[in-house]
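Letters are used for the chains, namely A, B, C and D, taken in the order the chains are written, and counting of residues starts over at 1 for each.
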Amino acid sequence: MKKLFNAALLFVFALAVLSCSGSNSYDRPHQLKIYNWADYIDESLLEEFEDWYYAQTGDRVEIIYQTFDINEVMLAKIEKGQADYDLVCPSDYIIERMINRGLALPLDRNYGFVPDYTANVAPFVIENFNRMNTPGSNANDYSVGYMWGTVGFMYNEKYVDRSEVSSWSAILNPKFEQKLFMKDAFRDVYSPLLIYINSDKIADGTVDVDDLMYDVSDESIAQVEAILAEAKKNVSGWEADFGKEMMTQEKAWVNWTWSGDAMWAIHEAEDIGVQLNYVIPDEGSNCFFDGWIIPKYAVNVKAANYFINYMCMSENAIRNMDVTGYVSVIATDEVLQAQMEQALEQPHYAEVVDVSYFFGPEADSVVLNPIYYPDASSMARCAMMHDTDQDTEKLLKMWSRVKGDNLDAKMLVLIGVVVVAVVVAAVMRSKKNKSRRKSGKKR
Amino acid sequence: MGKIKQFFGRRSSWSIPYLIFMLIFVVLPLILVVFYAFRSPQGGFTLDNIKTFINEKESVNTLLYSIGIALINTAICILLGYPAAYILSSSRFSSSSVMVALFLIPMFINVLMRTLATVALFGFIHVPLGQATLIFGMVYNYLPFMILPIYTVLQKLDRSYIEAAQDLGADSMRVFFRVTLPLSMPGVVSGIMMVFMPTISTFAIAELLTMNNIKLFGTIIQENINNGMWNYGALLSLIMLILIVLTNLFNEDKEEASAAGGLI
Amino acid sequence: MKDSNFIISLDHISKWFGEKQVLNDVNLHVKKGEFITILGPSGCGKTTLLRIIAGFVTPDEGSVEIGGDRMNDIPPYKRPVNTVFQRYALFPHLNVYDNVAFGLKLAKVPEEEIEQRVRKSLKMVNMTDYEWRDVESLSGGQQQRVAIARALINSPEVLLLDEPLSALDHKMRKDMQVELKEIHKKLGVTFLFVTHDQEEALTMSDTIVVMDDGVIQQAGTPTDIYNEPVNAFVADFIGESNILNGTMLFDRKVNFLGHDFDCVDEGFGENVPVDVVIRPEDVYLMESPNKASMFEGTVQSCVFRGVHYEITVITDEGYEITIQDYNPFEAGMKVSMIIKPQDIQVMHKERTCNIFEGTLVDETHVEMLGIVFECLPQDIWQGEKLDVLVEVDFDKVDLLDDIDSAELTGDVRFILYKGDHYYLSVMTEDRDYVYVDTNDVYDERDLVGIKILPEDMRIRKADK
Amino acid sequence: MKRNFLAKAYIWLLLILLYAPMVIIGVFSFTEAKVLGNWTGFSVGLYKSLFTSGAHEALMSALLNTLIIGLVASTLATALGTVSAIGIFNLRNKRFKAAMNTMNNIPILNADIITGVSLFLLFVSLGVTQGYVTLTLCHVTFCTPYVVLSVMPRLKQMNPNTFEAALDLGATPSQALRKVILPQIKSGMVSGFLLSFILSIDDFEVSVFNVGTNGLQTLSTFIYADSRKGGLTPELRPMITITFVVILAILIIMNLRTKTNTQTKTLK
């Protein structure tokens, strides 16, 4: 037995040393560290890019791919942790913040003899990015769009009628008690509710939606908080990412989520015979744009630039869309064709929509899946979020208040009782001992 | 050279490397926690973090709530675990050591795996996730940590104490309550140490067991660190640390401190 | 059998621990108020006996009576006896006072009575002022006292003491012996004291019960046990002694050391082999030549033992005997020796040779002691197996040091020096005893190989 | 007799409760249904795909990392822990000794999350990029104390003079260590090693803060990331089942070892 264990120890040590030397040797300059949303890319493209990049530039590159599911976490890693990611994919308002805080490197669209595919990005997206411009800096110089989508309700057609979720007020509907998943992203809940609150003001034009996106006034926050507080009894879970899975498992009926996640879930659900659908409530909503940014601490800038370009090639965009269910910002005819074919495969979701805002004037009535490409009419009611920088704190606090603590009277009582019990016990013991000491001293 | 040889000839000096190692990887980090806790993101000393902690009732409440859950969990673990440990230690079980091993094994399965398995179980029997499932899951996770130390103490317990008690006229009931129980207290205490604090400080487990509905103190520490609010996170950790120190004052004998130590 | 003035009566007690029989048909009757000591080497079953009385062990056979009532099925906590445990077993979580008061509190005795009874019993063991001390902070002797106080406070009819002094150093032990004796006198409670220390037993007890191998060898007053040991074991275990092979020629005449001696013993018959015990102090040494001399020898060594000298003498016949005398005799000196008739203790031999039960498996092989031995062709062989008795003389059994080559091995349990040779009891794996005369020196617990030559076996039919 | 039965029943009931989740996972690792709980017929497909399909190489590499870090960390911990145990054991200065023991106890008594956070802060404020090395160091940090704790008692049992005896007989300190001390404390070292290994591969709370940004994933961090996306990917079910069985094996070996040890003791 002893011998055996000696041997084992030796072997282990050898293995240890080997693995040590093996696993730690990597050369950073030939790596491309990408930090992207979870489930947000066709991963086979990663290897293909390595070859493509080699073909174009003759440089080897090894992609290190990591994912996050909360914008702020990603930002923290870069801003505080100074992580040396070469490429990240934040959402609009974070893009805005990163640019403003000088965390983004300007893009270099000089790809040698490789065509500049970033030109494929829909003007619609460019415009929206322009809203983030600050005097002297143009957002489009720092970031290229990747995917976009809207915030809305994914719902289970078996239990929920479309009309029941056509307003944000659905979250207050007692029918959905413990049947509602909230997206665990405060911005994507706050802004739509802001629109919901001000819907009539928007209607009569007293308030401009885009301005609304900057609104973090205390009263607005208070109003939103009030609604959420009331809605809380319905919430069965705050999902960062698991909503889609759970919806397919019918753990809940309604999910406040992103169009892309909804689409992904719808595909998943079909396989096991669950009918899900997605709707943008009538009051209007957020549309979000995720874009590539090369962070300040990037090392392999060239590869990063090329990767962005690579992502903008129509066929790659289409592949990403198929895998992730999100909508690429690329607006080429190939994309349009692919999407129309796709729509035909899912007649249940197909509609005639006006997407001229995206694909250009001739696409004013095409059969598409409105979950991917909402009709111009509903897009008109959607606005892009803006960065509220320092004031974000206030939102965060509101959010944590809402999700908040589960402390209730019972708990407090319990704790109180225990504390008292412990104290009493301690006191009594010490008393006893004291009295002993005394009577001990007496003699 | 000769000096060094002679220095390491003294075996007492062999503790020096570890001393250095611990200073770097145990003591310094804890000092850093304190350091960050009293530092503003911009740098420089500040008490803001404490202020926010006191003003934001969320953190405090979450802490209280976690303590509450921890208390319940600990209580249940004792109620379920003590009898188990008692039975196992009593010679009644011929195959005792095997049984003990059976109780320990779950302890060595990755905590997340265990939790996910538990979640799966609840899903399987269609129990909605919530506070109840949270407590259940916690008990699942921590019961072994309660049983082991109690078992080890009862194991070591000298039979002659029990005989002496019987000899002095105590029936089995009284023998238990007047001798066995008091003498096994150290085990219970260290069991509490192994269950109470971890329950407060775990994260992930609570999230998974309640679909992010319920946060424990550990969760908000992690959230703050992840969201880059290191200083506040550090403060929360510091508070956690103080709690641990306080509870440790109650725990006299450190040997029992490691469930693992008991296992060896 | 039942007799009211016996406080404890054990009748035909037997106890097995798995294979091993630790008590074999033990009968013991203890008078009220006496100080009885159970004495024996470790593993002789004395502690088991005590635990049977206390109730921690239930006997497989026989009845336990305390104060005239059958106790076999009475749990310990209902028995009118209390125990002082080997390592005291004071409750570490209670202080001295609570330890002593433990029994009374269980009995729901009113506080103030407890108070004064605890004081009283602590006073009795001179432990006043220690009430509030933590038991772990006490010295061994003090813990000992507390343990006694704790056991006595319930005023039991019998106090059982399980090697209570073994954990104390020599000086401490002496003092405690005296104190225990005093306490016993003061209270008149029956003390049942278990020890392996013969000197302790001799000094303290009214009655000594010598045990070995789960059997009571001899019970009697210390003087009886010392002066008239019933067998070699007792003689050897109690005090110093020369144990010699002898032959009872006829009444009042015994031959040993190659001489005939007058003695006081009768009724052994004629020319019977016996064991003779001579206590060292009973041999009188004189410078030789001396006309009173009974036999002569040469001093081999002379060691001062404080009060007396211990002198080893080789007799002219070549026997070695140990003698105690108050004056020194330096080595090499010729001496004459005298033994008074009344100082010669003659004992029946338990056995004159080994007798093993076995079976004859074929004409030249006999199976015994768990293995098959070769033997000389046997005329009693009629073709089928038959039970036989095999006799082997003590000196015909050979002990081998290399146990690997031997097919039968055993370990030395008991060694007796018979003046010119050693007499060993060797126990085989399956717990049979083989008795051997040898000149080689072995230690107890030595592992030895056992060899018996075919020509040394006397085989006869087992008589049904 | 009846109490005996009740006791047994209770124990078994507890065990069943404790193992129920594992059993469910184990059972459903033999069906390919994506959602746990649906039974789509028996198949070992998941086991196959776990080891074959490239789709799960992320999972497999995570597993590999876990094992490698586990081995390296527990080996280093065993070495460091043993040497320092001997050192601490031989410390004359009571104060210093006590200090060492307390320090040694910190990582054990401390909550994992704090160990994790504090080490994280250490590395960021030292500006060290976290990766294999740092994570391994973290694991060494919380493993070594257990090694020390498991070697210490063996040292206490050991006759203190044997080392001097060896030196006296002309052995150099290192020889004395190898030929005299190590053999006597080996059992402690082995238990310490196995324990460290198990602790290391189990660890989540320390790892998750210290995996760094080089794409390093241990099993736990992988599972964590995965679990945030709702139920576990099916391939985790066979994975869990396998780990469970492996751990079972290790513990049984450990048990057998202790048993044989005690037996040899009783023989002597």
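As a convention for this text, a contact is a pair of C-beta atoms (placed from the backbone, for glycine too) under 8 Å apart; a residue touches a chain by one contact, two chains touch by 3 or more.
Remember, predicted model here, so these are calculated numbers, not experimental data.
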Query raised in the report: Which chains does chain A share as contact partners with chain D?
Result: B
Requested in this report: Determine, using the mean of C-alpha atoms as each chain's centre, which chain is farthest from chain A.
Outcome: C
Report summary line: Greatest number of touching C-beta pairs links chains B-D
**Report entry** Distance between chain centroids, defined by C-alpha means - chain A, chain C (Å)
**Finding:** 87
Query raised in the report: What is the distance, in whole Å, between the centres of chain B and chain C, each centre taken as the mean of its C-alpha atoms?
Result: 55
**Report entry** Rounded Å distance between chain A and chain B, as computed from the means of their C-alpha atoms
**Finding:** 34
Report task. Scan chain A for residues touching two or more other chains and write them down. Result -> 77, 80-81, 239-240, 242, 246, 249
Report summary line: Contacts with two or more other chains occur in chain C at residues none
Report summary line: Flagged in chain B as touching 2+ other chains are 123, 230
Query raised in the report: What residues on chain A touch chain B, complex-wise?
Result: 70, 72-73, 75-77, 79-81, 178, 181, 184, 235-240, 242, 246, 249, 396-397, 400-401, 403-407, 411-412, 414-415, 418
Report task. Would you mind writing out the residues of chain B in touch with chain C in their complex? Result -> 158, 160-161, 163-171, 174, 178-179, 182-183, 185
Report task. Write out the stretch or stretches of chain D touching chain A in their complex. Result -> 34-35, 38, 65, 68, 71-72, 74-76, 78, 124, 129, 131-133, 136, 186, 189-190, 193, 213-215, 225, 227-231, 257, 260
Query raised in the report: In the complex formed with chain B, which residues of chain C make contact?
Result: 54-56, 75-78, 81-83, 85-87, 89-93, 102-103, 106-107, 150-151, 154
Query raised in the report: Across the complex, what residues on chain D touch chain B?
Result: 4, 7-8, 10-11, 14-15, 17-22, 24-25, 28, 36-37, 80-81, 83-84, 86-92, 100-101, 103-115, 117-122, 124-125, 137-138, 140-141, 144-146, 148-150, 153, 163, 173, 188, 191-192, 195, 198-199, 201-202, 204-205, 208-209, 219-220, 223-224, 227-228, 231-232, 236, 240, 243-244, 247-248, 250-252, 255, 258-259
